[in-house]
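One chain, chain A, links the two complexes that follow: it is found with chain B in the first and with chain C in the second.
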Partner chain A sequence: MAIVRLWWNYVRVGVLGEVQYRVNFLVQLLQSAIALATGLIVLALIFSYTQTLGGWTGPELLALMGVHTLVGGLIHMSIQPNMERLMQDVQNGTLDYALIKPADSQALVSVREFRLWQGVDVAIGAIVIGVAVFQLREALGWEQALGFGLALLCGAGMIYAFWLILTTGAFWWVRMENLLELWQGLYSAGRAPVGIYPDWLRYGLTFLVPVAFAVTVPAEAVTGRLTLETLAGAVALAAALLIGARWFWFFGLKHYSGASA
Partner chain B sequence: MTVIQVEQLSKSYFVPEREAGLGAALKSLVRRKNREVKAVDAISFEIGPGEVVGFLGPNGAGKTTTLKMLSGLLYPTGGAARVLGHTPEKRERGFLTQVTLVMGNRSQLQWDIPALDSYDLQRAIYGLDPAGYRRTRDELIELMQVGDLVRKPVRNLSLGERMKVEFIGALLHNPKVIFLDEPTLGLDVTMQRRLREFVAGYNARTGATVLLTSHYMADVEALCKRVIVIHHGTLLYDGDLAGLSARFASYKTISASFDQTPPALDGYGEVVATDGLRVTLRVPKAETSRATARLLTDLAVVDLTVEDPPIDDVIEKVFSSPVVK
Partner chain C sequence: MKNLLDFYVGQMRIAAVTQLQYRAANYFYMIGMVAEPIVYLVVWSTIAEAQGGVVGGYTAGGFAAYYIVWTLVRNMNIVFTPYGWEWRIREGQLSGMLLRPIHPLHGDIAYFAGWKVAVIILWLPIAAVLALVFRPEINPTVQEVVVFFIAIWGAYLIRTMLLWLLGMITFWTTRVGALFELYFAAELLLSGRLVPMSVMPPWVQALSAWMPFRWAFQYPIEALVGDLPTEQLWLGLGMQALWIVLAGGAALIAWRWAVKQYSAVGG
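Entry: the complex of A and B
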């Protein structure tokens, strides 16, 4: 409960800070609209030549695009800004102020930033998923909804753990921005179902960089393709990554040298 | 009873090292050479409750590293420290709720919002009860005389104003140990004096233990009876400020006033200043009594004072000493 309270307090502060910059909201709205329009045009183009892509129909791919947008919004709203701040704090020595607080250090560095306006992508993603489900003409049963929620939670957990592991590397290598740039490129690969990629890339996007679990698996839940085995695998991998990330965080903390005064 | 207990505390870093030039830079990409640097080398001291101790040393002496080890931010590579009965690097909640750190060149307040909102965040993190928190906050705002500054976004405050609101944020949880790392860095003289007065008043009122690092000797002279001098990671001196001169100053200053222009005084000591009929001489410490007696015997002296050299000079001498390792 303490972490939820802490998170809520930082969300409050984040919102207070964000509302100071109203133009950012308009810019974000424009950016999201352009990204949505581009995505829809590409989908329309693809399905003007074919009925399916890697076994996925148009509405199913629309659902995937919705999940991709929604998860991207969550990442940009909370995970990425917190990890970027962590990197800056390690570089500048301002992590001292987080570490001296009487709170779980990993939890604290993971909730300090909240970008309200990135929520536009979360909303757009949810709307796109809703439209896709409507186009599929299949009512979303409670099992599917539960599977979707759980898969989304596991995917978000995996991506958070993946980012935290990468960012913890800053304790040794200080500048990790380039690796995080690499992430952006890999995440865009999640716009298509990972099944269409060659084996080496599919495995990479599943186990090395958990884009498949974050995007494809929740989309499978919405489109009725998710098997219990895949969901169990997602839960197990998420738990393993979260435990690993926590261990690595405390290991890294022992190597924190602070920036010199 | 001791509040801070430090025994043989050490901290080493491995820092990459290479020659200058493109060739050496490319070579270091493949094969990196690291050198071990002992930032703090087996220092020991104890600090009692309510003490205000100045931690002195030149840049790179190991002051901040020690402060960070004592506040639980850095893991020592050797020795041990106990603060309020806790091992700092374990970062137990019971320890962290009783200490605070203020760094002169870094801010912990949220940039875009008023300090009051950041204070509320501190309250949530420290789990302070709302009534007690409001009382402490308002008291500190009054003591620091910041008035409505706490309602302005922090980014709109001057450096001095920001330091004042930083101090309030750092003290909201009534810490028993305060680590101050160059808190007056870059501030104008008036603001420095105000912060010094605040720290002295806070220490007298709450009995909090203060460990202060500062390059401004005025801070140290105004606040600290005791100083610890660290240089090249090792402890050079631990005692009262006055004793520092006795230990390290190799000379004393004799100022003498005459009723008429005196003859050349080079035979009595090194003349460092002449101001009308007043002459200041620098005399080796062992020669002070003899030089004073000779001056009084030989010349018509109206007034004479013998003083230790200014503390800044003493510190400069200590800091310029070569590495002894």
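Entry: the complex of A and C
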């Protein structure tokens, strides 16, 4: 509970900081609109040549795009800013200030930043999913909604764990900024359903980098393709990754000698 | 002139040597970049196969060749980011640049050109792996290879000038994000980065003919991968030169106005 209170305090501070810059909200809205328009143009281009892509119809791929936007928004709102700050702290030696605080160190470094305006993508993603569900003309039962929520939660958890593991690497290799580029590239692969990729890439995107679980699996829930086995696998993998990330964080901390050493 | 040449050689050497030190960092960067064309490649070869083999004149193997060469051209397109101007201004870097006797544009061209040398070396193994995995159909003539090697540097210069010009906006306002994103979206769709122009509807192709973007992206790829007639092959280099002069001239004029706007931070 202490963690939730801590997180909530940082969210409040983050929100207070950002509402001072209201024009940034407009800028973010414009940027998200441009990204949305580009995505829709690409979908229109693809479906001007074909009826289905890898077994997914137009509205289904629209749902996938919505999930991709929504999860991307979550990452930019919370996960990425925190991990970037952690990398900078390691480089500048300011991590010591976080470590001497009495709170759990992993929890603290994971909640310090909150970018409110990036939430625009979360909202746009949700709207796109809504439109897609409407186009699919299938009533979404509470089981699917529940499956979607759970799959989304697991996906977000996996991405957080994946990022934390990579960022912890900064204790050994200080220059980790390029990881950001690597991540952005790999995340963009989630714009297509992972089923259309060759096997080696599909496994990579599923187990090495959890893009498939973060984007394709929740989209499967919305489009009525999610099986109970996949969902169970997502829960198990999320739990394993979160435990692994926590272990690796403390392992990394042991190797961190601080700024003055 | 001799001085300028020395400056270029020195700056390029520093950049190449520095970047070859950070091989792991550069590889992360480049592998992340490879994901994008793989998405396009997989999507469009899937469509090509579903459509009886060909889309917009490209077979699956043709798309493979296009998007593998894409990775090199994309790397040649990496220049000083327009977002970087805010940092230069805010951190006072610009004041130092203004004190030097050589125009700062030279500094950027030379530094990133040197980096490109490192990038091309690091790119070769990536291209080999991609070629093994995706089996491109490619059989260039000697002439095409020659034009390609000139054209990737032409592409580099066009994009340098365009992004310099774009970055100048930062001297008037720092809320540049949306504007830059709009530019990048237009570039994505009209340059051949997303798909070869022949896949696009005719009106998009017509629009792109009037823009500089395709000369910095699709043209070098087509020079190597496509079967451009000889005169079009060489004419492309002329178009590149034209756009370098136009965009470069505009960038220099904009720079002159921009510097008048500038009052050093903390100065």
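In this text, the second predicted complex is superposed on the first by the 259 of 261 C-alpha atoms of A that agree within 3 Å, B and C clash if a C-alpha of one lies under 4 Å from a C-alpha of the other, contacts with A are read in each partner's own complex, and residues count from 1 in each chain.
Throughout what follows, a contact is a pair of C-beta atoms (placed from the backbone, for glycine too) under 8 Å apart; a residue touches a chain by one contact, two chains touch by 3 or more.
Fair warning: this is a prediction, and the values are worked out from it, not measured in the lab.
Contacts of A:Ile196 after superposition: chain C is touched, whereas chain B is not reached. Contact with neither chain B nor chain C is seen for A:Gly141 once the two complexes are overlaid on the shared chain.
Of the two partner chains placed by superposition, only chain C is touched by A:Trp183; chain B is not. Of the two partner chains placed by superposition, only chain C is touched by A:Gln31; chain B is not. Within the superposed three-chain model, A:Pro102 lies in touch with chain B and out of touch with chain C [touch as defined at top].
Ranked by how many residues of chain A each touches, chain B and chain C are led by C. In the superposition on chain A, no contact is made by A:Gly55 with either chain B or chain C.
In the superposition on chain A, no chain A position is in contact with chain B in one complex as well as with chain C in the other.
Across the complex, chain C is touched by residues 23-24, 27-28, 30-31, 34-35, 37-38, 41-42, 45-46, 48-50, 53-54, 173, 175, 177-179, 181-186, 188-189, 191-192, 196-198, 201 of chain A.
Contact residues on chain C toward chain A in their complex (touch as defined above): 22, 24-26, 28-29, 31-36, 38-39, 42-43, 46-47, 50-51, 55, 133, 175, 177-178, 181-182, 185, 188-189, 194-195, 199-201. Contact residues of chain A toward chain B in the complex are 5-6, 9-10, 13, 16-17, 20-21, 92-94, 96-97, 99-103, 105, 108, 254, 256-258, 260-261. Residues 13, 59-60, 64-65, 68, 71-75, 91, 93, 96-97, 99-101, 103, 105-108, 110-113, 117-118, 120-121, 124-127, 153, 181-182 of chain B are the ones touching chain A in the complex.
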